[in-house]
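Scrolling down, you'll hit the structures one after another.
In the two complexes that follow, chain A is the common piece, with chain B as its partner first and chain C second.
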Partner chain A sequence: MLRKLFIFLLPTLVCSALLAEAVYQEPEDFLSETFAGKVPEPAVIWLSGERKAVTKQLLGHRYPSLRVRYWRDQQRSAWILEEIGKDLPITIGLVVNDGLLEQIKVLVFRESRGWEIRHSFFTDQFKGAQLDQSNGLDRDIDGISGATLSVRAMKKMATLALFLDAELRKEDVAPTP
Partner chain B sequence: MKFSTYTKYTLIAALLAGPSFATAAEMPSPEEMWEIIQQQQREIEALKRGQQDNAEKVEAAAELAEESQKGAVGAASWAENTQLGGYGELHYNNLDSKDEIDFARFVLFFGHQFTDRLRFWSEVELEHAVSGDGEEGEVELEQAYVEYDITANHHAKAGLFLLPVGILNETHEPPTFYGVERNPIETNIIPTTWWVGGAALNGEVAAGWSYDVGIHEGMKTSADSRYAVRSGRQKTSKADANDLAGTARIKWTGMAGVELAASVQYQSDMTQGNDPDAGHAWLFETHADIQRGPFGFRALYARWDLDGDGPESLGADEQVGFYIEPSFKITPKWGVFARYNQWDNQAGDSDSDTEKKQVNAGVNFWPHPDVVLKADVQQQDNEGDSKNDNGWNLGVGYQF
Partner chain C sequence: MSRQHRRKQRPKLRSFYVWHRYMGVSAAIVILIVAVTGLLLNHTEDFQFDSDFIQTDWVLDWYGIEAPDTMHTFLAGDRYITLMGEHLYLNRREVKGSYSQLVGAVPFDDMFIVAISHGILLLTARGELIEHLQDKDGVPAGLKQIGIDADGAVVVQSSHDYYQPDADFIRWKRREQDSSLSSVTWATESLLEPRLKTALQHHFRGEVLPVERVILDLHSGRFFGRLGPWIFDAAAVLLILLSLSGSWMWLRRRR
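Right, the complex of A and B next:
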């Protein structure tokens, strides 16, 4: 009886003994790292009109916000986006440089499965990705067994960041020669 | 007509001077100009304040709308932190053994996040559409556990959970696998869906390397069922806890699209002490699950070793099976597969003809990533008295 009680309680005892943050990188640190300590002032892009429709098409659902915050310096833009994998939102940091995905990083992962998506062997597949003609990624991304929905969330966020960056660049005024 | 020189000069002077005289007459004085400028400045300031007010109102309205959209306004906090999901599948089997249509599984998931690190997860399943006395179906609780994040990479759970064995046992939503029916190895050797009551730890020890380890209820087989493992699941329903079991898995997912894993399980007594001729048992399982570009490949091997004279006398002391399943995605929406399955729940008796072989081939069509239509054919080549069960199957499945 005591033996059984002990083995059932063992995980609880281990839980109590260990404590740590479930955050891989704070969003502020991601931005600071991205812009070498000189983080530009944040701005927002509104998801309205055609942009709203395209966003819904990319995600398969409405984005849970009316606007998206971004940080931009010259042709580089940084985005902190959230998308639910299976049950809970995954916080993802993305950097787009002149229309190409420079970096994608899992900042906070709240699901109990699928954490492999944060590793470089997976995220490296996205480097240099851009939008194709149909607003999809220009390449195939190999998934992770048992993490299908987390992988899908990452692909959606990569596509959304590239699309929104393209929208920003559309609004840029060409310099006068 | 001629004009005198005097007349010309007079006309030119009048034309040039006329407007100047008029402008000078209408121009405000410096004092008036100063008043106008001040008035305009006040209007600019008022407009700026109005613009700022409008911006603040838009910001406030947007925040309110976003909060409302997220359910933070007017919704109970438990609803905000509760998740709902599910899956289901309808099968049509045209086989030698049956010609039937069956809503095989209707499943709902409920989850609740108590804190960032403490959550509840559950899965309730209705099998075969109707349950009750004399009906074919069952209502089953297949998951209900509380999980706690010890660290970012290590988690503990207690309750009723799925065992980390095989490919399908933990991930069996219809859009995630080929074939209408689950493969026979992960039905007869690994008794998917296989849930237990107990406690477990899981986590990641290095990039791509993860582990699971747990203590839980054991099997309760009997000689009447020839010690078949599928009949031994206690389903955490007043389960006999005289003799517990332990399961461990190590998994490598260090390359995108590749999973390699091995599980081992120890059962301290396969009959919970009810059969003096039976005793402990070991399960060993290993598999590969690969999806690289359009190419897919699954392979799994599982083997039970049961101690005791009882299982040995029936050849059930060794129960073993494997399958290999290559697949190819023609487009993101269309995929084809073939699978070779071989299994034997009485492999310990080399003289008996109890081995079964089955080949499946078919197609999956995903009109949406979470919805699938399936078709496959199956051909068996069974030894001994087992009749071959050949034919074809159709299915539709979904997850959300």
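Right, the complex of A and C next:
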């Protein structure tokens, strides 16, 4: 009986998860919009050594890959990051301009709850956010009841994008002679 | 109330006591299970019941969970890359994430390049995921084969053409279908060592059933089979009757 229940439940859960996926904007379109159609060549930043340790500290777990792709035009960088809300990854597009968060947008939402984080009343709180000295956001972000885990994922991705952008800008600074 | 009437009431109350006790004892085990599992369910995240999986064989057998007998394996250098269900393994080590349709795998520098139908995985020698390259990253769609050419470069065959990545696997360019393609050694499926196969099947079973699922089934009675929910329903009815009979007896005694 349990076997039958399991066989019945598994496809149901998988189907409901697939149906729950909502693509609000394709990552390619997000990049094209961010760079007004002139998307720069992608580059990668490696999460190794100290960077890996800080990333783990920021997220509370290891980032699923060892290198992260980004697109950069002068002081502006765009990131497409993924973080699990409760069970499934949320794809988030972020733009950092000179160390300040210019835009954060939910591109693909796969969870069954917490989709409210895509609304501008929530994402607008992140505009202009930057890292404080302890690698946290410099402001409090009001949560959304019933979307606690999605809000947490969004905050983590904002912090990670700002941290990685800061790492890129560190590399820009030429060593003093 | 007369003394005679009170005498008549006493046996009635005593029989209620007896029934009350029997109902309590009958429901006790089920109520204990419901109470304990209820407490545990309130703290699934604290105890990580949602991310921990049952490893105990008899529970997995009870649920009828079996590892798939068919799996796809490629020998890349001296390592086996295996896809079982949606789980990908580099030898015995599982690669994080869920994947489908393993196309091939090849060793490249100190990495392993794994082609799946909808992307390329770059793995370290320890099975850590460096990057999962997808269509949006320029990976050709509909991968059919992956191989290494005479110069040691990675080549993939997509549904339409042959492609080659740059040194960092960031850009992909079309590869001419000339004679150099004949030098490509394409990855071919191989058989998994029996011992490794058994180990992976054991690991697979232990990654399917979350602890939370079992606690939920214990809480609802479903764990105990078809009759389980009915037994738990009966216990719930007994609990209702217990509260009513208890309250009634308490009120009678006060009078």
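Note that the second predicted complex is superposed on the first by the 151 of 177 C-alpha atoms of A that agree within 3 Å, B and C clash if a C-alpha of one lies under 4 Å from a C-alpha of the other, contacts with A are read in each partner's own complex, and residues count from 1 in each chain.
The definition used in the following text is that contacts are C-beta pairs under 8 Å (C-beta built on N, C-alpha and C of every residue); 3 or more make two chains touch, one makes a residue touch a chain.
Quick caveat: nothing in here was measured; it's all calculated off a predicted structure.
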item	value
Which of chain B and chain C A:L88 touches, first, second, both or neither	first
Touching partner for A:A53 - first (chain B), second (chain C), both, neither	neither
Which superposed partner A:L66 touches (first chain B, second chain C, both, neither)	both
Contacts of A:R110 with chain B and chain C, given as first, second, both or neither	first
Residue contacts with chain A in the superposition, chain B compared against chain C	B
Partner chain in contact with A:A43 - chain B first, chain C second, else both or neither	second
First, second, both or neither for A:P27, with chain B first and chain C second	second
Intersection of chain A interface sets (partners chain B, chain C)	7, 64-67
Residues of chain A touching chain C in the complex	1-3, 5-7, 26-28, 41-44, 64-67, 69
Chain A - residues contacting chain B, complex	4, 7-8, 10-12, 14-15, 18-24, 62, 64-67, 86-88, 109-110, 112, 115-116, 119-122, 125, 140-148, 152
List of chain C residues in touch with chain A within their complex	62-65, 96-97, 124, 128-132, 136-137, 168, 170-171, 217, 222-223, 225-226
Chain B - residues contacting chain A, complex	62, 65-66, 69-70, 83, 85, 111, 113, 116-117, 119, 121, 147-158, 167, 170-171, 176, 198-201, 204, 207-208, 210, 215, 241, 244, 253-259, 289, 291-294, 369
